[in-house]
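Below is one structure, written out as structure tokens, with a few remarks after it.
Chain lettering (A, B, C and D) follows the sequence in which the chains are written, and residue indices restart at 1 in each chain.
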Amino acid sequence: MIKRSLTVLAGMTALAVAALPASAQTYGPGASDTSIKIGNINPYSGPASAYGTIGKTIDAYFNKLNAEGGINGRQIELVSYDDGYSPPKTVEQARKLVESDEVLFIFQSLGTPTNTAIHKYMNVKKVPQLFVATGATKWGDPDNFPWTMGWQPNYQSEGRIYASYILENEPDAKIGVLYQNDDYGKDLLQGLKDGLGDKVDMIVAEVPYETSDPTVDSQIINLKASGADVLVTIATPKFAAQSIRKVAESGWKPLHIVNNVSQSVGGVLKPAGFENAKGILSTAYTKDPTDPQWADDPAYKEWAAFMDEHYPEGDKSSSFTVYGYAAAQTLQKVLEQAGDDLTRENIMKQAANLNDFELGMLLPGIVINTSDTDFFPIEQMQMMRFNGEGWELFGPVIDGSVGS
Amino acid sequence: MTGPMTGTLLEVSGLEAWYGRIQALFGLDFTVADGGVTTLLGANGAGKTTTLRALCGMIRSAGTARLGGTDLTGRATEDIVRLGVAHVPQGRGTFTAMTVEENLQLGAMTRRDMRAIAEDIERAYAYFPRLAERRRQQAGTLSGGEQQMLAISRAMMLKPRLMLLDEPSFGLAPLIVEELFSILSRLKAEENLSMLIVEQNAALALEIADEAYLIETGRMVMSGPARDIGQDENVRRAYLGY
Amino acid sequence: MTDQSMTSEAPAQGRGKPVAERAGIPVGLKRAALLIGLIIAIALPFMVKNFTIFQLTTVMIYAIAILGLNLLTGFNGQFSLGHSTFIAIGAYTTAILMEFGGFGFYATLPLAALFCFIVGFLFGLPALRLESIYLALATFALAVATPQLLKSAPFEPWTGGVQGLLVFKPEAPFGIPLNSDQWMYFVTLVIGLVLAFFAVNLVGSRTGRAMMAIRDNPIAARAMGINIALYKTTTFGVSAAYAGIAGSLSAVVVQFVAPDSFTFVLAIGLFVGLVIGGVGSIPGALFGGAFLVYVPNIAEELSKGLAGAAYGAILLLVIYLMPAGAAGLVRAIVMKVLNRRA
Amino acid sequence: MELFAHQILSGLATGGIYACMALAIVMIYQAIHHLNFAQGEMAMFSTFIAWQLIEWGFPYWIAFFLTIAISFVGGVVIERTVFKPLHRAPVLAHIVAFIALFAIFNSLAGFIWDFTIKSFPTPFGQQSLFGSGLISAHDTGMIVVTLVLLGLLFLFFRHTRIGLAMRAAASNPDSARLVGVRVGWMIALGWGMAAAIGAVAGMLIAPVVFLEPNMMLAILIYGFAGAVVGGLISPGGAVIGGFAVGVVENLAGTYVPVVGQEMKLTIALALIVAVLMFKPTGLFGARLVTRV
């Protein structure tokens, strides 16, 4: 109590606390007067270890918060485990977090198959599986899985955005699709098809690649041969960069749409060659740290300062660091709103109670909204075009809600 | 018939050796004279081959084996070879996938004098004309006798101070054996080559040797000039068969 | 845990006298260790948290798979870097039969074993023509291809593609007062003991001696009139069946199967477990299983950023300290102590 | 028909990648009779070293040769420190040591240089050759370098004493010792050369697939495939095998209906197993005579 009275309360916190019964100071497992214990699962080892950056960024962000006094006077204790992107190991780690470490909730566990493995367990145990780091659509199902919530725009929404752009601007297009042969690729492709609706036969070729393929050259040759004039690349950075370069190399000049996962200027377009990347379309919801247009942006500077001070070994050209940073800020908001009622129920309640919440590293105009029935925190994106140096946003901020 | 005997080249004393934990040699003493031939006789499994392997550092051993002034025990095989000990192992140990000429080149691996090596290769062909005909052939395609000749020539390429021969007659036709041993005698006479020969065919070995030793279960049971050993009743009955 | 895992089944080896060339630990000592191990194994689930029970169950499941691999590699001399495939087949057999066939878990277990035996036997046929390193590569290829096959279009209707299948976890029957974690622990323990017992007897039998003769000297084995092809393929089948049972158990314990659960990383892990536990040692499998579950966690404790490097370093260290695996080390220590007493 | 030609050429280009890697694999196999699972990661690490040197301002070719030298020394050091102590350990322990090395290099590279893909310069240029978009200058350069490397290796093994000694040490270590060959060092030398060739492979591959810690994982598998098809002991066979795998993979992806594109790798691997069925030691491998 004394501690709390010393804490400078942010406006929102005061509101949240005021909304609670006056005597409220109830704690679920892992929470106390001095600390909040949070679990996280990330692939720090194995073939998917690139994503480990997200976990490390989150950890760095909470270290920063703790150094500044924590949230509502409580230190955040992040317990992050490695699952090597293997679902059985995810189950083990999740159970360890819940049953042995007794965390209040699990935050930003990464990957679709891995989260699927613990989906049921978390809901049976009634432990929040909060802001999972995957864009699959199934995370926003409050009726059946009230303890699970996504965070990023889901892949299907993104596919729909591309579909509506193509229908509007290239109604006679022949579409070729390169997609990663996993849940993410298939989800996004599904969104694209749904968005095209009865015009789905505009897609003249869909060619998958495996992450074990050294290059996608062969796939691009097949797509070119299909006669497509619009190419939608649903690929992770390495393969997106390869496809951009191969398209240019082979003298093919389609309208090229590259998915959001691979929007990084420094991490994709520069390796692929700015010349080759000119004219590419994509969507975004976060600011790309390697895009020069944000160099003087205050939120960007704040992020850069955070990186320098708390995660100096981190890669500032990686979009994962922005992702982890923004996700951690979202959680900070939820915890601030939860105030002293740190029960699992209230965490979910507050997570489902975000209203027009703005984050510095999200694009201007994109806000986070959740409710009892809306478990999709970020649903907006904006189209953009690469001008050879940086992205130019165009058109309105589009709401890609799956139901809409 | 024998070369000049100017002293002792190899002096072995108290040689013990082990295969893993099993002791195979229990303190052998013997010598090879400079320019002389010594033979080790004994039944199968008596420890003859083991003695050669111990001298070459191929198995764990103790005791001393002085070549000139240098103790060989405890050294790595390749270092012992570099001190001038050439070993022609049982089964010949030729490099079957390589040509005859490459095998000879390998024999001279420790030498640097390229021109002399080329000359020595020709000299080896002079001793073993059959090899000259097959110089580009893979060693694995040679007959058993030819492979033995190759193994000996290869050992000669080292310009060895001492040559260890393990059962040179093994598995060869009598005519070939005769040819082989006459060449060995020539080598002894013309090249002043010192040899330590292990041989099943005791009569043959005693013919070429100056000194002979009899080994039984890892222990020396008899030693003396080859001629005397050849006269011994027991040896004759047990090993010479008459 | 580790103490128990290393010795609990040790005595069994004496009974079958499987490996003649080895200086054995006295049978009495082995029996005592088995008894103590069993008592601990039975008592443990009532003393630790459910999560730990789950971990221990996982250890036993891996141990079963490693045991199967051991029969193949340790006792028959055939390499496999592809046993993840058979785990996958076992797991998916159970999951698919439960999901689409309305089967209960217990009914799927023997079917998974049988199916894996058949697939393993069939794979053993071409494997006959491949010598060590080529066989290692062919099986590795199998491991790499497995996740792709599982999510490929023709199989997707049954396997659920990349999304995988959720599996129902059985509760203790007949009102036995155990929770599902404890129940599955005991189910796994009993199956593991039965399989270990079977392995010990197999290895000690005429068949086992034939298997080892083929490993040590195939030409001599043939001369002795051993039908090498039959023994090798059958061993492959039995080994695959062990892995299949492990897979079937893992499907219900984890309650989920997905292609990403059965990548080549798992195959390599099993191989590492085999070597670390001790090639040709039946109790070593349990140590190998424990290594698989616990060492990555230790590596991660050492460093998040360098978890992989820490794992590699631990692996190297273990190989240096016990090149013959845990079983070899235990044997050496016990023999040393006994010799000193004598 | 045009598509067919494109796929063949593209297959040859990727095949060049596999051929390069297969060559390094065969090198080490000749020296130690093992397949080094860490080979790809070692090549990747070498490439990162080259990238770092270039970042520090070294001209490309200086960085290129410096990296080869560093990798050579690195390979020798790894053999002397990691594998020499395991000399008497069972074969399986060696494979586990490879796995350990794999984990260490992969993790270290990610830790030091991060996982963001990096472009790696090509000395040949990325423009397409003959302006047709069929095959790029870099692809051609890569194939040429692979062939040159093959030629140099042939000369080295056939016509130098040290090459002869290495072959002797590999084929019959006991006899090699008996002619004074330092077998231990020959093995170390084999590691050094394999690491150096791997470095060349890595530096040629990186401009195509982009540099990142996991870039070699799949390529190593295809490289193994190429080496096995070629018979493991024949450098020439490895190169041909690498090209064959590249072409087969592309054709399978293009012309096998339904599953072709999803299971390119699976089909390629199945073909290899099929080759081994009929020719258990690969297309160009001699059967090793095992003494009983």
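Heads up, the rule we're going with is that contacts are C-beta pairs under 8 Å (C-beta built on N, C-alpha and C of every residue); 3 or more make two chains touch, one makes a residue touch a chain.
None of these values were measured; they are calculated from a predicted model.
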Report summary line: Contact tally winner between B-D and A-D is A-D
Report task. Please list the single chain whose C-alpha centre lies closest to the global protein C-alpha centre. Result -> D
Query raised in the report: Measuring from the mean C-alpha position of chain B to the mean C-alpha position of chain D, what distance in angstrom results?
Result: 43
Report task. Between chain A and chain D, tell me the centre distance in angstrom, where each centre is the average of that chain's C-alpha atoms. Result -> 37
Report task. Give, as an integer number of Å, the spacing between the C-alpha centres of chain D and chain C. Result -> 32
Report summary line: chain B and chain C have mean C-alpha positions lying a whole-number Å distance apart equal to 52
Report summary line: Expected list for chain C, residues touching two or more other chains, is 144, 148, 151, 305, 307-308, 311
**Report entry** Residue numbers of chain B (touch at least two other chains)
**Finding:** none
Query raised in the report: Hey, what residues on chain D touch two or more of the other chains?
Result: 103, 106-107, 110-111, 221, 262, 265
Query raised in the report: Among all the chains shown, which pairs meet the touch rule set out at the top?
Result: A-C, A-D, B-D, C-D
Report summary line: So, in the complex, the side of chain C touching chain D is made of residues 73, 126, 129-131, 133-134, 136-138, 140-142, 144-145, 148-149, 151-154, 217, 219-220, 268, 271-272, 274-276, 279, 305-313, 315-316, 319-320, 323-324
Query raised in the report: Given the complex with chain A, which residues does chain D contribute to the contact?
Result: 2-3, 6-7, 10-11, 13-14, 17, 103, 106-107, 110-111, 114-119, 126, 128, 133, 136, 205, 208-210, 212-215, 217-219, 221-222, 249-250, 253-254, 261-262, 264-265
Query - Of chain A, residues touching chain D in the complex - result: 45, 47, 49-50, 52-53, 181, 207-215, 217-219, 221-222, 225, 237-238, 241-242, 245, 249-252, 264, 266-268, 270-273, 313-315, 317-318
Query raised in the report: Hey, which residues of chain D end up touching chain C in the complex?
Result: 33-35, 82, 85-86, 88-90, 92-93, 95-97, 99-104, 106-108, 110-111, 221, 224-225, 228, 232, 258-259, 262-263, 265-266, 269-270, 272-273, 276-277, 280-281, 292
**Report entry** Sites on chain D touched by chain B in the complex
**Finding:** 161, 164-165, 167-168, 171-172, 174-183, 286, 289
